[in-house]
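In the two assemblies presented below, chain A is common to both, partnered first by chain B and then by chain C.
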Partner chain A sequence: MSLLSVRDLQVTFPSEAGDVLAVRGVSFDLERGRTLALVGESGSGKSVTSLAIMGLHPDSATVSGSVTLDGVELLGKSDAEMSKIRGNRIAMVFQDPLSALTPVYSVGDQIAETILIHNPETSKRAAWERAVELLDIVGIPDAAERARAFPFEFSGGMRQRVVIAMAMANHPDVIIADEPTTALDVTIQAQVLEVLQRAQAETGAAMILITHDLGVVAGYADEVTVMYAGRPVEQGSSDDIFYQPAMPYTIGLLGTVPRLDHKSGEPLPILEGNPPDVVHLPPGCPFAPRCPLAAPECHTAEPVLRPVTAGHSAACVKLAEVVGKGHSEIFPLPALERTALAGVPRAERDTVLELVGLHKHFPLLKGALYRRQVGVVKAVDGIDLELKTGETLGLVGESGSGKSTTLLEILELLAPQAGRIVVLGRDTATLTKKERRAMRKDVQVVFQDPMAAVDPRMTVFDIIAEPLQAFGWKKADVEARVYELLQLVGLRADYVDRFPQHFSGGQRQRIGIARALALNPSILVLDEPVSALDVSIQAGVINLLEALQHQLHLSYVIVAHDLAVIRHISDRVAVMYLGSIVEVGEVNTVYDAPAHPYTQALISAIPIPDPNVEKARRRIVLEGDLPSPSDPPPGCKFSSRCPKLALLSESQQAKCHATLPVLEQIGSGDHQAACHFLKLP
Partner chain B sequence: MSEDLSHPLDASDELSADASDDFAVVTRIGHGRLTLRRFFRNKLAVFGLCGLALLILLAIFGPMLTGWDYLEIDKRAFLKAPSSSHWLGTTRTGRDVLALTLHGMSRSLIIGFVAATLSTLLSSTVGTTSAYFGGWVERVLLWVTDLMLIVPSLLIIGVTMRGGLSGNMAWVALAFMLGLFGWMTTGRVVRSLTLSLKNREYVLAAKYMGLPAWRIIIRHILPNISSLMIVDLTLGVGYAVLGETGLSFLGLGVQAPDTSLGTLIGEGAQMAVTYSWIFLSPAAVLVFLVFCINAIGDGIRDALDPSSQSGGAVGRKLRKGKGSAEKQRADAAGVSAGLPGGTGEAGGIVIMEDSATQGGGSQ
Partner chain C sequence: MARYIVRRVLNYVVLLFIACSFAYLLAASFLNPYSVYFGRQPPVDPAVIENVMRECNLSAEVSVWNRYLTWLTNIFTHWDWGCSPLRVSVNSDIGIRMWVSLRLVLIGTLGGIVVGVLVGAWTATRQYRIPDRVYTLLSLLVICTPSFVLGIVLQILATKVNDALGTRIFEFVGEKGTVGDYPFAELVDRMQHLLLPTLVLILLTSASLSRIQRNLMLDSLGADYVRTARAKGLPKSKAVMKHALRTALIPTGTYVAFTVATMFVGAIYTERVFSFPGMGQYSVDAILAMNVNGIAATTAFAGVCVVCGAILSDIVVAILDPRVRLGR
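Up next, the complex of A and B:
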């Protein structure tokens, strides 16, 4: 008998539109020590499944089916009975470690509380000692000391370690990790995933890993369940899913992800359309409207999971036809037109944006009445960048490295604290107020969150027309331009009178792009343009951005935490660390032969959606967190975490601690990195 | 959109049958209609709305029914109990209690609406301006807000009303002063809401496309806090009516011969035990009035709040056996994504292929 067995789980929520069939028949078995990954896009029901197993679904939901833990039925148990199981036999690691901890108790107290509640006979002292021990296991330095600290005194990654320690506290049988690393930086993600594995090894628990990141799945899951529209559409071992996918959706999903280890150049294969609305599911296979292989029989009845091989099953009518087919045989590759500009070498192109020694320091103030400065946060500390016509410059780095501050400095078009910003040959410091406003036409922005980037109370027409009206366009011209823009970003003209909430994330992002393009800018600043989108939607937006660049000769500055996306879309990439650029160069050079130890660690931290590659990779896991930008280490800012430092002799180390390295030329191209010991392996 | 609404079934057929088309529209419903439906699902709020409508109609047309003017003195009836000629009895000076109550109610209602409107206007202006501009503008406005909070408003209103101001239009001054002293708390709430909206990406985007500040406030900030302002306005009417009656009860509000519910209650309170009708009818009207307004306010708040329970329960329509498939379809037009943890500004659904994936390549 399996440890955890889920049979035909169904969860339904009430809504204004009718019943939301969030989960429609999930079944799986989980053995001790194994990891099951639930993969799917937002709205596919993976989180709801885990909440229903924990008994944490809202009261208004109806749940049916069966969930048994060691043969004991969990569904239908009262909240009081479930409380005895939650945190004891089934533990959960949530996505957001900030809201998963109570801010007013020390972390040691919170872990001890978990122990005491389920083991009332334990003494308080023993519980505290166990809490310290757990913190030590999850890799919190000075655990005895840090147990007395409060959650706000920890960084995001450290907090997630505390949450994992708490989940381990009572030797649970099952650990459910719901997007445990989504809110964290890639370097921290690698650390946390390692801790999660250690926790599993320590407790021997089974784990349900909920994630949208196929790379994480490839590296950590034994079994995979792919969910679509509330139903599992493919189940099997990790190798089955990655190497012999049998459901077109899985194949499409695997194909659309930009790969960190592949060269850019070709457009991304796309998976067209959006996931269906789970209130009004059309009859038949929910994926059929997006499936290139869809035949009439796909629209009549929903296919059930059928075995492909032992332990591998998929829900597809045309199973026999699909098995063994590659991505390109099913999904057509879109064509990408290139312009004349593509042939012009970089040196001969015009420079549209130039940053010279840009600084942005924020004063740290203290005191209520009389505010005095106690320090300075060097968010951007002297960076040089150059952007040419039709080029894409990617900025990468952990959060807190100053990427977004750099973008905002460019967008403000004001004179920087120190250094120069030159836009289209004009230094922003010399602009008058009027000229600055006129220049806003040339520099536009696309934001990360498609929900927040467009005003929910305005129609699509008003949103796109707003910049035009602000610059006094005539009414008739505005109308014509709005339709032109809608066509440009691939939205239908009759969408104009709708509100943003009627659109999916990808379409909303297109509205945001149309608005940014309204005034014919030459520079587009993209702040995480696809990170809030689902994998299958992301590819379409990336392709659109590329097509627009070729068509309109746009120059992009793009910030993204997904290094694979940056590799795909960028021509050049700059790696930032604590407000400085540590490496810059042509994107393939930097990715194939990273010179700076930070870049090396960053690239090695990204999981690759390929189990064999992923399990064979040697990963450089960085120690600790990003130091505070108000108190960077002396000398080389990276010296506190540098994996190379340990290999150096004492005198060499002294150099790292004493002087800040400057960017040095590597090879013949324009590849530069800032490290004293680039030559060493 | 009206076409889509009338043929909802066709739209979904199209979705399944013609999948290659990059377009399939399902019915949608306006935000306003959705809010209305949620509001009308709340029985108490509907009751409040009917009650308030009844009271307003009475205030307007009631005086024609009673046959007595509120200033008129019936010399044959002093302190008479309810009878066929005076339905609710008379006062010590021989005035008809029903006529007085109706007039007092209309006076109280007008004061309530004027004061609430003024205070909502003030709070939204001060709140948004101080938060959006920051710096010294914020410091000055916050200082004024805090000052207004600690000023003994009751005393100031009392002194003004007893002193210089009198005559028929004194109630206007009272309404304005109630508004003037009633906006500070909401003002601070608006400020904190604006602070969070100010860094929303669409506000930043508007800024970077060169929109002037006042247009950003009017077009992007105020509409997005409008639900708070509507609720504040409704509940503000209730508070203002209570404030006015309290002041008038103490003799600091509406002055004779004009009358309001508070004045009436104050007059009746002295004889509440012996001649209870003078006290009871205006008191009952006051309680009912404020109850209705608060019920409406709560109803609006729940209707605008996507996380409230007014979405109903699973299978609700089935249990009620609510009619035909067509009706179900129409009912189903709201958005679904909102419910399990989305932003839930439920308004409608459009299910479409992400058509531009082709658009990008084929340009």
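Up next, the complex of A and C:
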């Protein structure tokens, strides 16, 4: 008998549009100590499945099927009965650690509460001591002291550790982790995943890992269930799914993920279309509208899971045809037109943007009536960058490293506090007000969250026409231009009078891109342009950005936390740490032979969607969080977390703590890194 | 914590001083206390009027600045807030009315806060079900009824109840009436008189506060940490009481302080309808009677109320919210 057994789980929500069939028949078995990954895009029903197992679904939902834990049926239990199981036998780790803890209680109290609920005979003191012990296990330094601290005194990664400590408090049989690292930086993600593994090892629990990150799946899952439109479409061992995918959707999903470990130079393989609306599902396979292999029989009845090999099953009518095929054999590869610029060496191209010694310091103020300065946040602390025509420069680093501030400084087009910003050969400090306004046409921006970046009360036409109208275009010209732009970004012309709410995330991001392109800019600043999108949608937007670059000779400055995306799209990459650039160079050089220990750690922290590679690889896990930019360590800013430091002699270490290293040339290209001991392995 | 409170109090004292000074200067510059004596039959000798004005520090022949300084000196040296143009001491006037108001408004608003928070929090957990709909309708009804209408409607109902029962349970004229002859008769009498006006204030305060509390509670009910609390094994009701309500109370703490403060002035209609000689009535009368000192003193009183409310809310918020307590 399996530890946790789910049979034909169905979850339906009422909505104004009709019943939302969020989960439509999920079945799986889970054994002690094993990890099952639930994979799928947003809306595929992964989280709803886990909430239904916990009995935490909204009251309005109807749940049917069966969930048994050690043979005991959980569905239909009352809240009081489920409360005895939740946190005791099944524990959960949620996605957003910033909001998962109650802000008004100390973390120690919150962990102790978990223990006391299920062990009322335990004394408060014993529960507190156990809480401290748990905090220590999950790697909170000074646990006894920090247990008294409140959630707001912890960083996101630290809070997630607290949540994990809470989950393992009562030695649960099952731990459900719902996107446990999505909201975290890659370096912190690596730490948290390690803690989760430790928690699993410590408690011997089975784990359900819900994630959209195939790299995480490859590294941690024993079994995988791929979900699409509320149904499992493929189930099997991790190796089955990654090496012998049998469902076109799985193949498509695996193919569209940009890989950190190689650069193709080709456009990303794509998966056309959007996931279906689970309110009005058409008959037949829900994936059929996006599937190049779809035949008439795919549209008549929904396929059921059929065995491919032992323990591996997939829901596809044309199973025999699909098995063994690669992505390129099923999905058409998009073509990319290269521009004449592609052959021009970098040195011969025009410089469109130059940053020289750029500084941006924020004063740290305190006091209510009389505000006085108590410190300085050195958000950007003297950086040099150069961007050539038709080139893409990627900026990477953890949150708080100064990437976004750099973008904002460029967009302001003002004289910086110190240093220079030169746009298209003009120093922004010398611009008159009128010239600065004219220059705004040349520098445009695309934002991270497509839901928030467009005004929900304006039609697509108004959104795209706004910059044109602001610069006094004639009405007839505006109209023609808007249609031209829609075509350019791959949106249909009849979308013009619709409102943003009618579009998916990917389509909204295209609207945002069309707006940015309206005035024919030469530089596009992209702040996490695809991080809010699902993998299959992300590939389309990345390809669009690449195509536009070639077509319009655009230059991009792009910030993204996904290093694989940066590798795919960028020509050059600059790694930032606490307001300084620690390494910069041609993207393949930096990724293949990272010189700075921070770059090495960053790249090593990214999970690769390939179980053999991922499970065999040793990763460098950085200790702790990014130090506060108002109080960086003396000398080399990275010295407080540097894994290399321990390998150095005392006199060498003294140098790291005393002087700030500057960028040094490595090899013959333009690869530079700032470390005193680059030569050491 | 103590330092935090002391710092806030010092800030408030400065603000209070500035507010009172402005009120005095404004009233002294624009009101004409002499007009109180105009058109008297027989006419009053201007010299006599001038004498009275000098005595009361209201004379137009003295510069506003000098009057202001005298006013300040009197307050700080003798705690003398001056007198009206008719030579009635402001101290004695306010001394009586202040307690009338405090009794009425304090009980009324505190009761309203408790009822409002409870109703709001409870209806939030019953969102869109019948109790929620009923309370929403009732509170909207109260919110859009002017307070004097509400007062009169309650008086009519009270009369009906009194008639039906044959005894006078509800009393609603003035602050006290004929006192019977039994133990604690005076207390009972006062309570009877307080009952209806307090009820009006409770209804008014709780109606709007329950709407605010309901929304705050809905926000925090949907919060991730409530889900975490349930995932830990707390039954829904406990998770709501311990994790949702506590955080949802923080913004209420701030709001409530200023409700209390405005109620001292906002209770004017209630005081009028029930003939309660409180501060609200006095403040309106002071303006009509060109009572410069009375206006300044009323402002100061209202200011002190605001400050007390604000300090109270600071303390409440600091207790509820560790982020404030730990100074961030």
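As a working rule, the second predicted complex is superposed on the first by the 680 of 681 C-alpha atoms of A that agree within 3 Å, B and C clash if a C-alpha of one lies under 4 Å from a C-alpha of the other, contacts with A are read in each partner's own complex, and residues count from 1 in each chain.
Convention: a contact is a pair of C-beta atoms (placed from the backbone, for glycine too) under 8 Å apart; a residue touches a chain by one contact, two chains touch by 3 or more.
Only a predicted model underlies this, so the values are computations on that prediction, with no experimental measurement involved.
Ranking chain B and chain C by residues of chain A touched puts B first. In the superposition on chain A, contact is made by A:H118 with chain C only, not with chain B. In the superposed pair of complexes, A:P276 makes contact with chain B only, with no contact to chain C.
Of the two partner chains placed by superposition, only chain B is touched by A:F447; chain C is not.
In the superposed model, A:V48 lies in contact with chain B only, and not with chain C. On chain C, the positions that touch chain A within their shared complex are 7, 11, 223-225, 227-236, 243, 246-247, 250, 320-323, 326, 328. Listed in rising order, the residues of chain B touching chain A in the complex are 1, 12, 15-17, 19, 22-24, 26, 28, 31, 34, 37-38, 200-202, 204-206, 208-212, 215, 219-220, 223-224, 226, 309, 311-317, 328, 331-340, 343, 345-363. Those residues of chain A that touch chain C in the complex are listed here as 54, 56, 79-80, 83-88, 91-92, 94, 96, 99-106, 113-114, 117-118, 150, 152-153, 163, 166, 368-369. Here chain A touches chain B in the complex through residues 12-20, 22, 43, 48, 60-62, 267, 270, 272-274, 276-280, 282-284, 288-290, 294, 299, 334-337, 411, 437, 440-441, 443-445, 447-449, 451-458, 466-467, 470-471, 487-492, 497-499, 501-504, 506-507, 510, 512, 515-516, 518-519, 537, 539-540, 543-544, 546-548, 551, going by the rule given at the top.
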